[in-house]
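Shared between the two complexes below is subunit A, which pairs with subunit B and subunit C, respectively.
This part shows the complex of A and B:
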């Protein structure tokens, strides 16, 4: 029983780490632009299909190493173009944040049905990054899970480093904290908005690659991911990166225990209940600003 | 140095700024005053490129009409806001360096940033987080971050708001020093007439987005139109 609980906890921790990687990206976009990207879950799927195309039909040399290497510029360009081509023109309207939500909602549906049209309605499986198990005491871990955890944590550390040590990262923080103040000290807000979308797209794309090789690539799976990312963002506090990190791990572990004890069908109910109760007691979420 | 020509801004049916023209000369301290809602801060937002508008703005001989805010900042126009809250996760030193890194021509200048921090009197608070500073400290910090961009013009939006008498005196000395020692042209929006009459050489009074009067402070404060629409009879009697 005790070992089983440890297993469930570790499983929650691993899922939580990937959720954290993805939710931090979504939170970043909201924190900087105050607009919510409802197509986020579809970019998760794009990560899965991106890996599938490179690994299965193309059989790229280098396997997952090449996938991750190519993914960085690919998702950066996709995110940057998304902002510049579709979102930036909306910014001339007073209610542009609302228009962005509508547009990304439409984009999400377009992408999901596009996946079905291009790749077919059936799920696709990816080869594991690594096979085998590792034993720590009496606890047996899949090496695949260890790699997912390490990659997710590394991704977040890279993100933190970029945010705190690069010119663009500092500008992103400045725009998130005070858009007007950022502009008067010469920070190009339009570029920062686009860069933020690009960084967040890399993060969700990576999350897609990592989780889809553990689960499957499901053309209609984006809704589930979007709900999770939204719950984490709202639960952690809209725009709070630290809040999203805590929320992601709490939700990952909650999911694992609810799924283990009550069955997977109750997972979504449990996470949404947690969100509703939290928001009823503390409307700004765990660490959101008043 | 700064020529504003026929500036007009409409928000739907509301005309916030109506065919306003004025010129600020190099080295001046130029004041803008008027009742609440007169359009003073909107004028700042137009000059710094935050809103689109009709009319033309020239700065240093160049047309800056329609330029985005960050490019206007790079040209040498800096501003502060009524509510002094900038970058709460950063400390004083980092905040001033943000101004230098992004706003100054030539990029981050650590020596200049530190000089500015000393100039505004925040050297002892350099590692203090901005959210923990008192109101005067926050105001000085916002001015410091603006000065770190090496501006030619500094536009101050109600810098004395919420300050007590000694803080006002302190800020007046700072503003005078910025103008005289750093050679920065100043535009200041303010409600305290005493501050404007002591600091400025030219005073523009606007109401409902239109100019009522623009002249030397001693002339403006005796203008019957200004007394009627803004200062009130009690001001004239007290005087």
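This part shows the complex of A and C:
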């Protein structure tokens, strides 16, 4: 019983780490550009399919290392172009927030059924990064899980470093605090908007590559992921990076325990109940600013 | 939009719809499309009232529709309540549910409301499929297959005879449309608009955000639930497929085509969208693909929906008429 609880806790921790990676990307986009991306889950699946294409039909040399290496520029370009072509033209309207929501919802439908048309409705499985298990005391861990955990944590640390120590990162923060003021001091606002969107696309794409090894690539699984990422960002407070970090781990662990104790069908109900209760008590989430 | 244009467009729409069965009464395919247009036009109008007028980013419209459909179906199947009453009760249940969803939304900022209402939508699928839903009679993933048709004055309105059902829906649609127009053009509608533009300023003028936001949730979910229930008794079976993104997108296309907050616009949007969706039905899984692409393109290029050009046409013609008249008067004077 005790061992079982530890196992569940660890699986929650690993899921939580990947959720954190994805949710931080989402909260960044909302915090900086105020755009509400409903197609986020579809980019997660794009990550899964991207890895699948490279590994199975193409069989690139270097396995996952080349996948990650190619993924960074690929997702950056995809994200950057999407922002430039689809979202930035909407900014001139008064009700652009609503329009962005509608557009990304349409985009998500388009992408999901696009995957189904191209790759077929069946789920695809990805090979693991490494096979084998490790044993600490009596707890048996999959090495794959350890790698996923290390990758997502280091991805987040990397992101935090970029945000706090590079010129671009500081420009992103400046735009988030005051777009007009940032523009006055010479920060190219439009570029920052697009770059932020692109960075968040990289993060969710990585999340897709990492998590799809465990959970398969499902063309219809994107709404589930999108809801999870959204719940985490709202739960933690939109625009608050630390809040969504905590929220991701809380939710990952809650999910693991509810799934283990009550069955998988109750997971979504439990997460959404948690969200509703949190928002009823704290309308801006755990760490949200007024 | 002025009341005159609103009434002009709505009258035109309902007059055309009202005489359609005279021509197509024998063709079930077209009658089905017409009935769906009537149902969706009202559901989309409700969404426009809550989103375009009251400015609440509610993404739970399909959820309310399904709640109405399921509650009426469960009431009439499990408890043997006659459909006429179960539809009314479904409307009330959905209205209460709308208030329940609206309560936490009162304190939330725009995108949070979208998330919470969409979360309600997403929770409905596992709820209706799971053991909890099965306990209240939702039929699990199979759905409810034997929903009795509506019986009124000894007449059965079902999918067997489409023309009587069409006129039943038609009369209900007209009543609900009248209610919506009255609400939009009354003190309430102005209060909604004021709250949308500036909640603080509206509050300083004595408009209670609490009261009016809950009111709009209650009203739109009541009407939506009513039509969901009507739909349930029309098709005679329900499943959680109604909650797919596909349906949600269709409703959204109506809004985008019609223009958000341009009230009779969504009605025109409903006509175009339902017809289009029926025409695309043979394409199978490419239909949602195309629908998604349509949303993206329309949001990008159709700024205010197609209703604005129509209104522009109506008013410019009137202006031309006035100019001509005044010219005639002036020439007579000479």
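Note that the second predicted complex is superposed on the first by the 290 of 290 C-alpha atoms of A that agree within 3 Å, B and C clash if a C-alpha of one lies under 4 Å from a C-alpha of the other, contacts with A are read in each partner's own complex, and residues count from 1 in each chain.
Just so we're on the same page, a residue touches a chain if its C-beta (ideal position, glycine included) is under 8 Å from a C-beta of that chain, and two chains touch if they have at least 3 such contacts.
It should be emphasised that the depicted structure is a prediction, and the values quoted were computed from it without experimental measurement.
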Requested in this report: Examine A:230 and indicate which partner it touches, taking first as subunit B and second as subunit C; both and neither are also allowed.
Outcome: second
Query raised in the report: Thinking of the overlay built on chain A, is A:164 touched by subunit B (first), by subunit C (second), by both, or by neither?
Result: neither
Query raised in the report: In the superposed arrangement, which partner chain does A:180 touch: subunit B (first), subunit C (second), both, or neither?
Result: first
Requested in this report: Give one of first, second, both or neither to describe whether A:154 is in contact with subunit B, with subunit C, with both, or with none.
Outcome: neither
Requested in this report: Quick one: name whichever of subunit B and subunit C touches more residues of subunit A.
Outcome: C
Requested in this report: Go through the superposed model and pick first if A:93 touches only subunit B, second if only subunit C, both, or neither.
Outcome: second
Requested in this report: Based on the superposed arrangement, let me know which partner A:110 touches: subunit B (first), subunit C (second), both, or neither?
Outcome: second
Query raised in the report: Quick one: in the complex, what on subunit C touches subunit A?
Result: 51, 57, 59, 104, 107-112, 114-116, 118-120, 122-123, 126-127, 129-131, 245-246, 248-249, 252, 255-256, 260, 285-286, 288-289, 291-296, 299-300, 303
Report summary line: Within their complex, subunit B touches subunit A through residues 48, 50, 68-71, 73-74, 78-81, 85-90, 98-99, 101-104, 142, 145-146, 148-149
Report summary line: In the complex, subunit A touches subunit C at residues 30, 36, 86, 89-90, 93, 95, 97-99, 101-103, 105-114, 116-117, 121, 223, 227, 230-231, 234, 238, 265-266, 268-269, 272, 275-276, 279-280, 283-284
**Report entry** subunit A residues within the subunit B interface of the complex
**Finding:** 167, 170-171, 173-174, 177-178, 180-190
